[in-house]
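Both of the next two complexes hold subunit A, though its partner changes from subunit B to subunit C.
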Partner chain A sequence: MTIRSVETKYLERREEILRALVNLDRRAFLRVSGAAAAIAATRGIGHAHSFQPVRVDAPGAVEPFRFAYISDSHLYERKLNDRFIRSLLRAVDDVNALDPQPDFVLYGGDLAQLGQPAELDLGAQILKELKAPVKMMVGEHDWYLDLGEKWRSLFGKDVYSFDHKGIHFVVLNSVVEDDFWTVRGLTPMERMKTVAGLDNRSQSNFQVGPPQREWLTKDLEPVSDDTPVIVFSHSPLYHLYQGWNFWTIDAPEVQRILARFRHVTVIHGHTHQLLTNRIKNIHFHGMLSTAWPWPYAPQGLPELTVQMNRPNPFNSQDGCGDGQVLVNAEGLVDKVYNLWNRNVVTVAHEYLESNGVQKRPAAANVATY
Partner chain B sequence: MKPRRVRILCAGLVLAGPSVARAFAQDAVTTSVHGAASMKDQLAALARLGLPQDGLQAPPGIDPIAWTASIVPDEEPTPARVALGRKLYFEPRLSTDGTVACATCHDVTRGFTDNRMVAEGVGGQLGRRNAPTTLNAALFTDQFWDGRARTVEHQAGMPILNSIEMGDQTEADVVGRIGALPEYQQAFQAAFGRAPSYEDLRVAIGSFERTLIFLDAPFDRWQAGDASAISEAAQRGHVLFDGKARCTNCHPLNPASPLGTDNAYHNIGVAAHDKDFEGLARQALAALEKDASEKALDELALGTDLSELGRFMITRNRADIGAFKTEQLRNLGITAPYMHDGSLQTLWDVIDHYNKGGEDNAFLDGGIEALALTDAEVDDLVAFLFTLTDVRFADANQRAFDAQKAQAAKSRPFKDDALSQRRVLGFERRVLGE
Partner chain C sequence: MKTTRSLRWFLVTCGLASAACTADSGADTKEGDPANVRVQLCDGQTSLDLESAPKTRSEGQAAADALMASWKTKNPEKGWEEAVRSRHFLAPMHDNSALLAGGQSTGDPGRAFTERDLLVWERETGRLVAEGARIFHSGDELGSTIAVSCDMCHPDAANTHPETYPKYQTQIGKSVLLRDMINWCLQHPVRAEKMAEDDPRMRALEAYIYAQRTGTPLAYGKH
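Our next item is the complex of A and B:
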């Protein structure tokens, strides 16, 4: 789905000018830079340095930008649960209030709770309120009633890639499971409920799967090693805790495909908590849920994760929220967790680059608990 | 202004409405400027309360170790400091025009507040916020509705310099004026062993406030084993308080948390329907970019529309937009009207507000939701809340209960059965415009 706001159209026009700039020689650049700088100035703070002539000497460099995220809303029909609807509306309000607007909004999967058409329709209706364009990702709760039929009819492809301001983005469907339902003769709803059970081990494992890994390899072929890559996956692309499916079984194979790139960031949903990890060249960041926070898994928690303490059980929004991803000129990201009942936490790229030595983020703890 | 001899209900309650005023009608007291009882009558009422001479010993109901630990070194509430603080608390000469004392808005005869919607300061100026009671204020983690001061000592110095409240320009002005009076030179000397200063003035007023601990309520006696201390209705209300009505989440009320507050900040949707929070927040960020000093925050909180942003002004965290401190529940029978803006006149209004899930807005606290309380349950909760007033204010508490009950019988402006029974949801009305 592509809803382009006025801001977005304006940004695109500005990008066009920037693209033209990097193809100019220095003398020609000086002629047009005045016009470009004027546009930058009208847009406001923070991006003026993008107009330094150095861009001419380094074509393909990243122009810093930000995108927002909303994830894991788990909508039910209103008569069954209205809290989660209210929470998603809150996230949409948050993102729409960002000034300037983010370049786009990533929706991180699990829009619906049980893949019901009414749940997905409700979610699509609410997400239409977003001013910035939306990049959709699928989660297992969206998928296993009809194996994505309704979801795809609303939002299009579940696996795709795009380029934005010097970054190559890849959106995966990491919740593919081997067929465990046919042999047992499960109905679609039984299949859906089996997958929706966090610790229901009668299902298979989440995986990206061989066909998608092949697609990924091909998709990345023309992308140079120096190009920063950002991957969106619903489940974490590493082995965290199998007992709760905080897990993508073929994650090591996917990591190998990504190994040649200088900077790779994986942004994932599913875990509903502050979660930070680094494996070699890959930085991993979890997303907050708008619906509920999960406790931390009993084992496998990455050392870099600064945990939040126990959420207040009386406050259905504590430990929940939305957030932003700030992409810098090197293509590294600062991950912002906008917690609704706690302090905002930013996990800076320096923290991961230094393996936890620099810029340790403050804990998002509620003092009274 | 010459004091007039009138019954208290006639004066100074334009904004609060007659019912609230009647609640505190008692033996005739002299009403003075800004609607407060005269300082003479207030001092007489204070004498009847039997306050301790100092704040060094933990009051009943407070852990002695915690009490001692809460006293800042060099700011001990000694008898001489408490005496000086008492004198200053009732001193209108602290204000620029000599009409406003602490006791003007924190009136001994009115539950140590003013029973008005918002406080009135020099020149009859109205602020934006309801004056909270000074009773037990020393036990809060933070002071003011937005927590912009930590201790009562620090808090005490701020209204004096606020242009709407007591109107003084500088600390030096205040010290110059008060310090010129021989009675104060002596009192400061006795309390601190030195000439008057603004810091010592703050500590003295704070020391006096540390003697205003009122935690002996019928509820406490019931909890201690006196089965007849509170009515059956109130006992049913207590069960609701801890359960269906979800009060205890933000108002934990037990021996470890005697005030009934979590000392945190929540947007509970008070009168939020007519606020453009997004627009106000943008204005606030621009204003705070220029000046985020304590003085600036104090003026913005009392004198501008930004007041409604509450805690956000202090933290600039979007999650704190429209969030205000959880007020204590102690003595709330005699401290109407309620909420940061004094917009709710009776405790029936308060429960009606919570029962419908507050006034929906984008920043509404996640713990707030429609409660589906029945009319009888609302009555039981109110009965319970009236058991939290200290026995020394029993008469005023009974008068307030009768007056609020009569008022509630006439008008329940915040009652909304469609919302409270979840036939309509707050956000649906907001988003769909229904």
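Our next item is the complex of A and C:
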């Protein structure tokens, strides 16, 4: 679930102290936090703002913050292909250079290309270089060699939730497929290679599945309708194009579970492109890949999507990148696409809230056709 | 349907072309030996020993089926086309059935097409396209030194734009054809040796890429 660098452990210990502070009665809390802030100030520690009693004064309110994302790195082992490794390193450098640092980094899945233990180990090693804590999500390329065994041994649970600054975050495993391999007698590697082919139709479709939907319902039970919810899923949680699994079969059911919340945002990987959608209360944003961009699907593209320029084949990192998610006080997000060697594109929350009227991003001039 | 037809074809071949496919009472078999007749498949290698030559259609079919089953066991990779079709979407080929309507063609041997003509066209062209799909999706077939295949950027051959060639490609410094761009991709993103223009793999790749774009108007020079 989380890789812990030295910095991460430090931040977690600090948060633990903060949590303990919140549990004190108000008078004792002010005494302790005041003392802590004073100590921090006298020692010249620049993070004194962290000691402000936000959780006590405004339960349920969101303190604006941002997190970064890196996704879809598709690593091979270094001896076979180091192109995708260099791209992931570039993304790690990008995120480490952010000042101030993001609260955390979402890794959006497909760290490995063929689920090999050596690929996942390599990815874990590179992600440890990130200064901010990392939240891991699984993709199909990580999963279908050993059905997640190695991935879970490195990163923990594939399905979990956490709360951060007034937002309830949920991380799903949306790449569950019905068993197509047993009846055909496929080896684990054959199964992996089948799923790894985006246009390979001899696999099943992605789904969240009934057990996870049940878990999600229970997880959300204590969360009030006013609490903004942000969901991470590898595949888009809607029906875009079935042929490439830009599709989650039970997405409508998941959307129904999320229907009662005022603000819901889904951040997904898998599609390797600038992708925007809104279905009722839910805003959807795709993530860029560090490895390669996908073409837009031949059908099903959401109306709100302003396409990114068609990638330039003569520039091997064009159309790739990383990005950030800026969360405002209402819990709505601006999605930042840091396209390498191009202008940054921001899809603002106003664009989605106004159904495409306000703050429309600049159109592509080299469109997909 | 496909299997039955190919079996029939083999049976017909075996029945008619005795030079290629023999059913003889060999000199090395003795009278009273249970294996009196050896039936050989057109590959010149697969054979079947029978007590006597098949006399009815069903006996002949049974012998042909047994031969084909034996051949398929020895050549498991020969089911490749079916496997490719189960994995990948191949755009449907043009429907030529209007040519069977008759009219002026009746009595003109060069233009009186039969269902068999259409079937041959469909099978032969379909096989070339399927072969292209197979190569397109295989880093090994492409000769990639870094395990990269075409489909990793071009699922279903999307974003390949065969209809836009010839066009001037600044980075290559000349007006290029689709095959030039394929070769550029082989050398750069795929890190493979470029292919000769008449390399069977190049021909198959072009066939698949063009086939996937069927119905799109030509727009040469388009960027």
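As a convention for this text, the second predicted complex is superposed on the first by the 304 of 369 C-alpha atoms of A that agree within 3 Å, B and C clash if a C-alpha of one lies under 4 Å from a C-alpha of the other, contacts with A are read in each partner's own complex, and residues count from 1 in each chain.
Basically, a contact is a pair of C-beta atoms (placed from the backbone, for glycine too) under 8 Å apart; a residue touches a chain by one contact, two chains touch by 3 or more.
Here the structure is a predicted model, which means the values were calculated and not measured.
Novice: Report for A:R310: first if it touches subunit B alone, second if subunit C alone, otherwise both or neither.
Specialist: A:R310 sits against subunit C, while subunit B stays out of touch.
Novice: So, A:R83: does it touch subunit B (first), subunit C (second), both, or neither?
Specialist: Both subunit B and subunit C are touched by A:R83.
Novice: Using the superposition on chain A described above, determine whether A:G243 touches subunit B (first), subunit C (second), both, or neither.
Specialist: Touch status of A:G243: second partner only.
Novice: Give one of first, second, both or neither to describe whether A:G156 is in contact with subunit B, with subunit C, with both, or with none.
Specialist: Neither: A:G156 stays clear of subunit B and subunit C.
Novice: Let me test your reading of the model: by the given contact rule, A:G197 touches which partner, first (subunit B), second (subunit C), both or neither?
Specialist: In the superposed model, A:G197 contacts subunit C only, not subunit B.
Novice: Going by the contact rule set out at the top, does A:P210 touch subunit B (first), subunit C (second), both, or neither?
Specialist: A:P210 sits against neither subunit B nor subunit C.
Novice: May I ask you to decide whether A:P298 touches subunit B, subunit C, both, or neither, giving the answer as first, second, both or neither?
Specialist: second
Novice: Could you look at A:P252 and tell me whether it touches subunit B, subunit C, both or neither (first, second, both, neither)?
Specialist: neither
Novice: Shared contact residues on subunit A, subunit B side and subunit C side combined as an intersection?
Specialist: Shared contact residues on subunit A: 83, 314, 316, 366, 368.
Novice: Write out the stretch or stretches of subunit A touching subunit B in their complex.
Specialist: Checking each residue of subunit A against subunit B gives 78, 82-83, 85-87, 89-90, 93-94, 97, 99, 312, 314-318, 320-321, 338-344, 366, 368.
Novice: Using the touch definition from the top, list the residues of subunit C that touch subunit A in their complex.
Specialist: On the subunit C side, the touching residues are 86-89, 137, 146-148, 151-156, 158-159, 161, 171, 184-185, 188-189, 223.
Novice: List the residues on subunit B that touch subunit A in their complex, please.
Specialist: Residue list for subunit B touching subunit A: 246, 249, 262-264, 278, 281-282, 315, 317-319, 362-367, 369, 422, 425, 427, 431.
Novice: Taking the touch rule as given, give the residues of subunit A at its contact with subunit C in the complex, in rising order.
Specialist: 76, 80-81, 83, 113, 194, 197-202, 243-244, 292-295, 298, 310-311, 313-314, 316, 366, 368-369
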